[in-house]
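Per-chain residue numbering starts at 1, and chain names A, B and C are given in the order in which the chains are listed.
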Amino acid sequence: MPTRRAVGTNVLRKDGAEKVTGRARYLDDLRFPNLLHGRTIRSTIPAGEIAGIRCQFDPKGFTSVDYRDISGRNVVALIEEDQPCLAERAVRHVAEPVMLLAHADRDRLAEASVEIDYRPATPNYDPEASTLSFKRIAIDKGNVERGLAEADRVIQGEYRVGHQEQLYIEPNGVIAVPDGSRAVTVYGSMQCPYYVHRALKVLLGFTDDQVRVVQTETGGGFGGKEEYPSMIAGHAALLALKAGRPVKLVYDRVEDLLATTKRHPAIIRHRTGVKRDGRLTAIDIDAVFDGGAYATLSAVVLSRGLIHATGPYRCDHVRIRGRAMMTNTPPNGAFRGFGAPQTQFAAEVHIDRIADELKLDPVRVREINAFRPGDVTATGQTLGADCSALAVLREAVKRTNFRKKRRALKGTGRGIGLSLFFHGSGFTGSGEVKLASRASLALTERGARILVASTEIGQGTRTMLAQIAADTLGVPYDAIGVNEADTSAVPDSGPTVASRTCMIVGRLVQQAAADLKNRLGPLTPTQYLRKHGPLTVTAQYQKPGDIAWDDVTYRGDAYESYGWACDVVEVSVDPVTWQVTPTAFTTVHEIGRAIHPGLARGQIEGGSAQGIGYAILEEVVMRDGRMANNQLTNYIIPTTLDTPNLDVVLIENPYPRGPFGAKGVGEMPIDGPAPAVVNAIRHAGVDVREIPATPEKIMAACASR
Amino acid sequence: MRFTLNGKRADVRAHPMARLLDVLREDCHLTGTKEGCGEGECGACTVLIDGLPVNSCLVPFAQVKGARVTTIEGLGGKHPLQQTFVEHGGAQCGICTPGMILAAVALGPKPSLADMQSGLAGNLCRCTGYSAIYRSIRAASGHATERVKARTTSRLVSKPDVVRTFRSALGKRRKR
Amino acid sequence: MRRDEESLMPLAGCTDVYVSLNFGTLKQTRFMNLWRLKELRGVDRRDGRLRIGALTTYTELIRSPLVTRTLPMLVAAARQIGGRQIQHRGTIGGNVANASPAGDTLPVLAVADAMVELASAKGTREVPFTSFYTGYRQTLARADELITAFYIPPLSGTQWFRKVGTRAAQAISKVVVAGIAGDAPRLAAGSIAPTVVRLIRTEAALAAGQTIDAAQRVMLEEIAPIDDIRSTAEYRRRVAANLVEQFCRETKTRR
């Protein structure tokens, strides 16, 4: 049995001292000799063709790169290969990268004038009018028409969610360092070094050994640095290889907001059959996601979104249809939650409306329909003892005195609302099998060194993995080191996304540590090293035997396990300005086990604040296919004064297959706040079905009453 | 141009209209001060000038002549906030942390929640939701960490009795 | 406003102008650094008027007992500008010189009937603040003039201020209103027209005893809000009307 000394306690962050003293080195802090600065020349039109490019500057000292300089394939390799690294002729969105420049002098670089002549085409910004779909998914259970026929009432609703910007405080940035003409190292702010590694191999036509990717200390990611770094890294590498010198390419906030990925907007329609007593007889959902100009991760965002689309409710008859469509806007991509915040917004606002229509208590309707262990999901997955929907609901309702408040606040211009939600840990279905992640542990004098590609982006990866390794190996937490995420040194542990780092990679680290401990036998690490020499063990992902998923029919066990949560929010709506102020926030989360309670709470608090921003503050204003408010003055995230006190309750329900019982926690917190806020606004008397629920929208909703 | 930097006399040659942020990071090689937006919105570039927190991305170098400038490096790693931000989760990704700590230094001793909220409104954090930052500051002030607001303290429920209650609740309700 | 390339651009706290400079949207190469000019700082009484030096920062306004006592609506405005970092550097002179229609101190100065002191090599003059703006970001200051101070005459009546921004702090206003209650109430609004507007006809309606409804209708004719990336004309109209009502209700002016 592993001894428990670090797991479950708030050990000090591995990187804490560096961060509070200013010693932590983020990408822009790095210096290289002979460095050039890079700049991206981007399309200014949303659709059309490039007729010509006119460079109107003295070329002395400049390195210029366009698509013709690409030695491999001109794609940003991801799931599809539809996105060029540099536009050749076709332009599909504003800010599409066309050309790259580098120069040692930043002022000369900024002043260089490049004019692009276009043959414009008519852009389409409407995903429902689009004829190009990146992905279509159908999920069926039972017979939805039969379920609708059984219903006493059928209740319909349409819900809309807008873009959201990840707004990591450190913008995207990389430095590419060439080694001759056939090798390159890229340092950068990123979540997935091996994604970048693969993309560079394809772009440059290089082999594994010719590309090295090193993650630098990263100032926030939230999904915004999952796939985008492959693009910026490709640009920097092209410049560096052509110039024969290191190139630093960093975006300022204006460029980052304009050009990089955002959360997919979506339109989600529900048609629900219900019995008079509140039981759901049929769930029929249609969802349209706006993918932007290229596929990037739309297929998987759609997938996760649709799998969570019913909300945490059982129903015998379910039909879910979804499509991710192309529009002439900058491609959308990963952002914490990855489709689930969108679809669960709709599900949770809809079920409150169902409760209203049936004149039932919104808690009661949820209690009747919430998943219990043994229930079967829309994809045919039977939920196990790790299903805690009712427990989190009941705890939240009790703790906040929800029912009493609900009666007391009625008609006061204030409201209280709740949301019940869930979130699968790890990659969908067979995703983890395909990733075949590996984690290694190298024996050191005192203990061990963790070698994984999982990145620290603030959530506490280094700390949490070290806790798991320490307790399994039976050494102090301080005896465990964590290697840089450097592809030349660490195996591919898969991307740092999808709430998988603790449950999947943590489990691998646990396995490797157990293996290491076994091999040590009675010897101490020092004794072993002296006797046998160096030792590194590697654990590789094995699919738990009873998990089965069919990618074609979209049936089976979508996720190994789910987290469960319930948010309760109180708001006041100002009658003079229609501004919504969240005045109280409680969330109850069941995540199996908290390896580090402080870090888990940090994820929940941070994700909740982002969810509040999603609900009422954060609006991407698109004009003619571009983000018009691409400055921090005008894209607003919550400040201290916009964020209520965040009351967090963690319920532990150890998941047997998780390391020390842990499941994922990174994404789930952002799924719940928006519908809880909108349900509270509804309770305060205003029916909005779209977020962000800005004061202007609240005013319009009041006017149309 | 002469000024005092982290308690020591400094004489730095840079363009008078260069941003103080750039002079600190590039000419003085102090990269602890960060750029998050370049427009005075995020506060990641916060430094103290004569004890007052300002956005160094908005200060022309000429205007610090003769002034006392303090960056995160100037705290020497010894300020109590630098300990409590680690202990209480005030730093996650860390990019806002140098600016946040300096702004917190300027709050003075024992700030109330309202003091912290208004005093830090110019420092954006995307990771923490601010709660852990308040806890970190209160811990450095010698406050108990959980009394940010009496009624709504966060509570980690990992006590066995709650787990047992929860499990038995499930057990009792296994039937529909 | 000094937009002439050859002229000198005066720099105070730089919280507005420096952003455009660094983003390259404002091309200027010659600057005049005012930051250390002590004569332009400070708050005191001169001949029965409150004198506020142009270089007085928002923090200095907030901390000034004299301003708190005699012009509390200016303190209210200063507290809601940016966050601490901006307040320690931004100046009232800069807010006025920047001439944005959304400047938060502007309705306060308008409603206080402030005088703007302009100085040049040729001498000093005073102009009424309510005449200072001649158009969108245009002032009647000459190219060689500097704003050196504001003079506030004695005021009576409860002062009122409300800024409606995009969020609770660090926000640009969507509508901003300052008012002084009394038998001859005064109201001014920002972010609802190309310049700050002293709502003269609305004031007259209130002073004449008209209902709040009637005053709101008059007010709507005095403003010309637009749709922009932060808000809509319709929202601004309706919130401005609501703020007139709130002012009246809270200061007990009219029913």
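The rule is short, and it goes like this: contacts are C-beta pairs under 8 Å (C-beta built on N, C-alpha and C of every residue); 3 or more make two chains touch, one makes a residue touch a chain.
Keep in mind the model is a prediction, meaning the values are calculated, not measured.
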{"item": "Chain located farthest away, centre of chain B as origin (C-alpha)", "value": "C"}
{"item": "Pair exhibiting more inter-chain C-beta contacts, A-C or A-B", "value": "A-B"}
{"item": "Euclidean distance of C-alpha centroids - chain B vs chain C, Å", "value": "32"}
{"item": "Euclidean distance of C-alpha centroids - chain A vs chain C, Å", "value": "43"}
{"item": "Chain centre separation in whole Å, for chain B relative to chain A (CA means)", "value": "25"}
{"item": "Residues within chain C bordering two or more other chains", "value": "23, 83, 168-170"}
{"item": "Where chain A touches two or more other chains, by residue", "value": "254, 633, 639-641"}
{"item": "For chain B, residues that touch 2 or more chains besides their own", "value": "38-39, 41, 118, 120-124"}
{"item": "Touching residues on chain A, where the partner in the complex is chain B", "value": "8, 10, 12-13, 15-26, 28-29, 166-171, 217-222, 252-254, 372-374, 385, 388, 390-391, 394-395, 457-460, 584, 586, 594, 597-599, 601-602, 605-610, 631-633, 637, 639-641, 643, 645-653"}
{"item": "Residues of chain C touching chain B in the complex", "value": "11, 13-15, 18-19, 21-23, 31, 33, 35-36, 59, 82-86, 88-89, 168-170"}
{"item": "Footprint of chain C on chain A - complex, ascending", "value": "110, 254, 575-579, 581, 617, 621, 623, 628-629, 633-634, 636, 638-642, 695-696, 699"}
{"item": "Complex contact set, residues of chain B against chain C", "value": "16-17, 19, 38-41, 43, 46, 49, 52-55, 57-60, 62-63, 65, 103, 106, 118-124"}
{"item": "Chain C to chain A touching residues, read off their complex", "value": "23-24, 83, 164, 166-172, 229-232, 234-235, 238-239, 242-243, 245-246"}
